[in-house]
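Dropping the structures in below, format is structure tokens.
Same chain, two partners: subunit A is paired with subunit B first, then with subunit C.
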Partner chain A sequence: MRGLRAIITKEILSFFTSPTGYIVGMIFLLGTGIFFTIDLGNPFPEASLTRFFVGLDFGQTTFGGVTLILILIAPILTMRLISEEQKLGTIELLLTSPVRDWEIIIGKFIASFIFLLFMIGLTLYYPILLFLLADPDPGPIYSGYLGLILYGALTLSIGLLASTLNSNQIVSAVVAMGILLILYFADYASTVVTGFWSTFIQEIGIKSHFDDFHKGIIDSHDVVYFISITFLFVFLSIRILESRRWR
Partner chain B sequence: MQNGNNQNRDWRRLSRAERVAQSDPENVGTQSRISGLVELLSNYSNPILIGAVVSLLLGIIILLFIDTLAPYALVLIGLGIVLLFGMGAISLSKVTSAFLSRSGKYGTNTLIMISAFVIIVIILNLLSIENNQRFDLTANNQFSLAPSTKELLNELDTPVKAIAFYPSDISENVDAITRFSKASDMLSEFSKRSNKFTYEIRDPDLEPDLARSYGVNAYESIVVYTDSGELTSIVQPSDVDYSELEQDLYTSMLIATSKGQKTIYFLEGHGEKSILSSSAKGYSTFKEVLNQDNYNTEILKWDPTDDNVFVPDDAALLVIPGPTIELPDSHAQTIHKFLQGKNPDDSERRESSRLIFLGEPDTPESFRALMAMWGIILQPGYILDLELGVTDNPNILRAEPMNLNQIRAEDFELLPPDQATIMVDALRSITSPESGQLGQVYMPGTTALVPVQDELRWPVPLTVTSPLSFLIDDPDRTDPIPPGEENADPMGPFFSSAYMLAVGQLGSTPLTAPPDPNQLTHVAIFGDSDFASNTFLSRGSGTNLLLNTVNYVLGDYSLISIRDRAFVYREFNLDANEYDFVRFSSWFILPGLLALAALSMWWVRR
Partner chain C sequence: MTTKKEDFIIEAGNLTHYYGPQPAIEDVEFKVQRGEILGFLGPNGAGKTTTMRILTGYMPPTRGTVQIDGMDIVKDSLECRKKIGYLPETVPLHTDMTVKNYLTFMGSLRGMSRRSINEQLGNVIEICRLQDYYKTIVGKLSKGYRQRVGIAQAILHEPEILVMDEPTIGIDPIQVVETRRLIQDIGKQQTVVLSSHILPEVSMVCGRVLIINQGQIVAEDTPDNLATRLQATQQILVEISSTNKKIQPVLENIEGVTGVKRQRNTDNTTFEITVADGYDVRDAISKVIIENDCSLLSMQLNSMSLEQIFLKLTTSEGA
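Right after this comes the complex of A and B.
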């Protein structure tokens, strides 16, 4: 566990002591701020975080919000985690050091998750504004943030997997974004087909699993989905890193 | 390498077949042709393998999504499998060595572990779909379904499908978006509660034929049906807030699954109010809400000159709404028989005896006598409530539904055990259901009721006036005569509506054994008939009191808990300064702070 702690500390320091992390955070907060205030100009805006969470309403669907921003931001946060080590050759040092493969992956995952929590924590400014200036329903805010944390963890795990697959950071980010966009738009695709396939595609998609959270519902199935898929991608990352030893 | 090895092999180690083949010049030619083909295939192994995988995947995708192309899909799948196995057989040594090599062993091991993990994840998710728990954190439990809806969904034995016909081009219409969201949320809740309930959302503009085939001729309609049944129910949410959507869907499921529809008969012929009348005093709204609750409503018209009247056999409930002329004897006898569970010829009725009577201070004497025989006395005069009367119009009483909490424990202890049980059950169902305690009911010009309690009847008062109420016998007088003065008016509190469970009329022989459920007579009586009219029904808790009473009298307890759902809109109302502050601080303060942090980090690391 000492190895795990060392990895987490090193990665957290690298997140908080490099301008890149802050620039990513700045873009994240600018995007979420725009979505939070996007409805304010309309007559009778609602005192809720719906726009912040899921973006604009387009009749029968929504698009945007922090769920879309995370798809673009999470791969940027994770793209360097393993890719950089592979490119610089320091991965060999890591693999030969007294640190287990799972400690490397989980350590890097936890560090990026902590940085994501820091960014999400800054967005608490919006609900504070709501509580100060209006009377919002607190339930959907609590459940929305819980969902956001789970959703964020999933996006990071996919980013981490992409980073493990490739030594080129840009390629890693693009691959992760591609996977995440497919999972994001699966919800829209589910409306094209009907019956079993509609349900199946909806089950795979991440957006449909987040939708209940922002409405104020915590469904144990959605929680299980996010946690299990996050673990799956972290597990795949560990296996792929481990494969370097015998490939 | 392989060929070289073969050439160096000792001839004695050749198999018999090989030796025969080598000695035959024709075989040598064939063998060389086969070897050439194999070599050719080996040279193009990569493109062939890619082609095989593509063919296999394409075949599977077509097979899954396009039923009509299934034969071609099977050909593609077959081709893919043949190519894969063919290439595997040609490169058998490579495949074998790949599996037996160090990396092959590790790879297989990893593949097995990943497969196992994926299977575990799939099983976990499947289990969580089947056994999910939903926690509604919204302030007014906006997404929580009523227990009876959950029960109905859990008990579905046949798949129920819903198609919501909503236009997709509603992005400019905020109200339409809100209504769509509520419908979509509600249908989603239904489908998440039962895997036998599925729904789709279709655009009637894009698929007009589909909409027409279900008989849909308006936007925002939801069709509920089962594959096996012939009944299709079309839900058109009755109010703009969609506050009764859950009830509408519940009822439509009952209809679609052919759950029994009960018939309620409204008596006419004695000056009663009509369910077909949409005038201010008419009962058309009452009829509509009963239909929404899956009840069939019919008019039972008795000619006052006709002595051979009867209550149809399918009448689950008879309603007498505000009669104004006397009841002929023969008609009274038919109603008595009906309440005893018998037909006029004394044969047993299929449906048991249930009656709702809506009276007035000037209810004809014959109707008063009818109700008195069943233990409820309608007092002469009207109630003037100085505390609960409407300020400008004290004749309009705002009656308080009886609350279980208002009844003291010691009062309960005084009641016989049966009476206490019936009272708790009735009040819990009618005035204090799970969906919330009912509010005041507007009753214009109501009279007081005195229920008789004996060993054959168990009355439950439903609404009550304040202690500062008077029963005034002169309809033209609006000033009460207080106690102590001559001809003082009786003071309240009075009951303005009551439910009565009875076994036989007054004076019937006492029971020696617990009554059979079919022997029981259910009567609900209201001292006012105007409160159920089109003008007053929807005021206060009038609709809920009346519908809950109907549901309870008919034993449809499940419907009671599903009543209108309040959607609270919480507005983010800002003045110009607050608006600017919220906007600009959200855009610039936090991102600006992080930009500063990024700049300082760059400066330090520079």
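Right after this comes the complex of A and C.
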């Protein structure tokens, strides 16, 4: 377990000491801040964090908010994780150290998750302000944050997988963004087709699973979705790292 | 077989590795005694790095086995890896950390406790002479100092086996000398396996040399024995103060001489005499020259250098 701990510690340190960490954190706060400001200007009497969570209303659907910003930002957080080790060749020392391949992947995942929790933690001043300025319904805010954490973990797992797949950080980020955007826009596509495919596309889309959370509903079905997809991608990353040895 | 008590810490059998259709190494077989410094010598592309990577558990061989202290490198990979310190060829380091943080990280990656890391840090910093660069970012160090950090991380956890892939490549000559001395020091306590394409280096540092070429081991011996084996044909250059032709057949008649080449200059002659293995004919040569009323101007023994052996060993194709 010392190896796992060493990896987590090292990665967290490098998130907090690298310029990337700060730039990503800044963009995250700036972006989410804009949507929160729109929440504050909401003409309706019921104060909420709807804009912050899912963005602006476009009739049937919403677009933007922290859910969209994470799709752009999580891949930048994770792109370095394995790609850089492959590029620098440090992977050779990692893989010849007495740590298991899963410890490497899980360690890196946990580190990026902790940094994400830190960034999400920084946004807590939005609900605090909201509670001070208005009288919001706390339920949707709590459940929204729970959903956000699960949603964030999923975005990181996809970013991690992309980073494991190749040694070019930019490619890793772009691949992860691509996968995430497809999953994000799957909901829109689901309205184009009907029947089974509509349900299927909606089922794999990330946004429909998030929507319940910000409405104050914690559906075990959504929780299971996020956790199992996250596990799946982390598991795939481990297998791909293992298969590196056989190439 | 040696008569010494045998205690092999590494046993590699029939190692074969394919990256593509051609094997990078084929049926490589060797054993390493505990405490030995073993050198792999071979030109670029010979298969040294491939062998090192298999030894250290970075990748499994396509065929064959490696036993580290009796354990299989594939099946008991984790236990084997604990016993090994590794300096890869390109010295890959995390460039954004300070030397101290990097070494601490590598120590904990190898399962060391915080306390033993702190105890050992001082030692390796001193051994690798990194005192002035303790707080420097690794990425800002020169190649030579990075090499030292690479060695420091490899010996930090006091591994029983140290594997170094071309440890002196790309660093300046003064640091090469230091690094070799360092390896010799380390080799007093630990088993060292290193690779190199520089002959004098291997013969200076190693107790035993495996010569690898095109993925196969083509020779194995102590550096001294290799030299002796390849002195099998020595050459003697003799210069005499006469242009008399008659002396050539006399020289050819000396027991052990296999060939004489004559090169006539204006007022003296140089003979290039080849001698078979195990003969010392210098005495006989000087005698016959005096007996033939010439005077001996110079005599020079021209045994082949290890470099030449190396060329000979590794350029002979096919066979």
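Throughout what follows, the second predicted complex is superposed on the first by the 239 of 247 C-alpha atoms of A that agree within 3 Å, B and C clash if a C-alpha of one lies under 4 Å from a C-alpha of the other, contacts with A are read in each partner's own complex, and residues count from 1 in each chain.
Here is the rule we go by: a contact is a pair of C-beta atoms (placed from the backbone, for glycine too) under 8 Å apart; a residue touches a chain by one contact, two chains touch by 3 or more.
Remember, predicted model here, so these are calculated numbers, not experimental data.
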Superposed partners subunit B and subunit C on subunit A - clash or fit: fit
Contacts of A:36 with subunit B and subunit C, given as first, second, both or neither: first
Touched partner set for A:246, first subunit B, second subunit C, both or neither: both
A:182 touches, of subunit B and subunit C: first, second, both or neither? neither
Which of subunit B and subunit C A:90 touches, first, second, both or neither: second
First (subunit B), second (subunit C), both or neither touched by A:47: first
Subunit A as apex of subunit B and subunit C, Cα-centre angle in degrees (nearest 10): 150
First, second, both or neither for A:235, with subunit B first and subunit C second: first
Subunit B versus subunit C as contact partner of A:18, first or second or both or neither: both
Touched partner set for A:99, first subunit B, second subunit C, both or neither: second
Partner touching more residues of subunit A, whether subunit B or subunit C: B
After superposition on chain A, the shortest CA separation from subunit B to subunit C (Å): 6
Residues of subunit A contacting subunit B in one complex and subunit C in the other: 17-18, 246-247
Contact set on subunit A toward subunit B in their complex: 17-20, 22-23, 25-27, 29-30, 33-34, 36-37, 39-40, 42, 44-48, 57-60, 122-123, 125-126, 129-130, 133-140, 142-143, 191, 193-195, 197-199, 203, 212, 215-221, 224-225, 228-229, 231-232, 235-236, 239, 242-243, 246-247
Subunit C residues touching subunit A - in the complex, by the definition given at the top: 53, 56-60, 78-79, 81-82, 84, 86, 88, 90, 92-97, 101, 105-106, 108-113, 153
Partner subunit A, residues of subunit B touching it in the complex: 64-65, 102-103, 106-107, 110, 113-114, 117-118, 121, 124-125, 128-129, 131-139, 142-143, 166, 168-171, 174, 176-177, 180-181, 184-185, 192, 198, 200-201, 568-574, 578-579, 582-583, 585-587, 589-591, 594-595, 597-599, 601-602, 604-605
Residue ranges of subunit A in contact with subunit C within the complex: 2-3, 5-7, 9-10, 13-14, 17-18, 88-100, 245-247
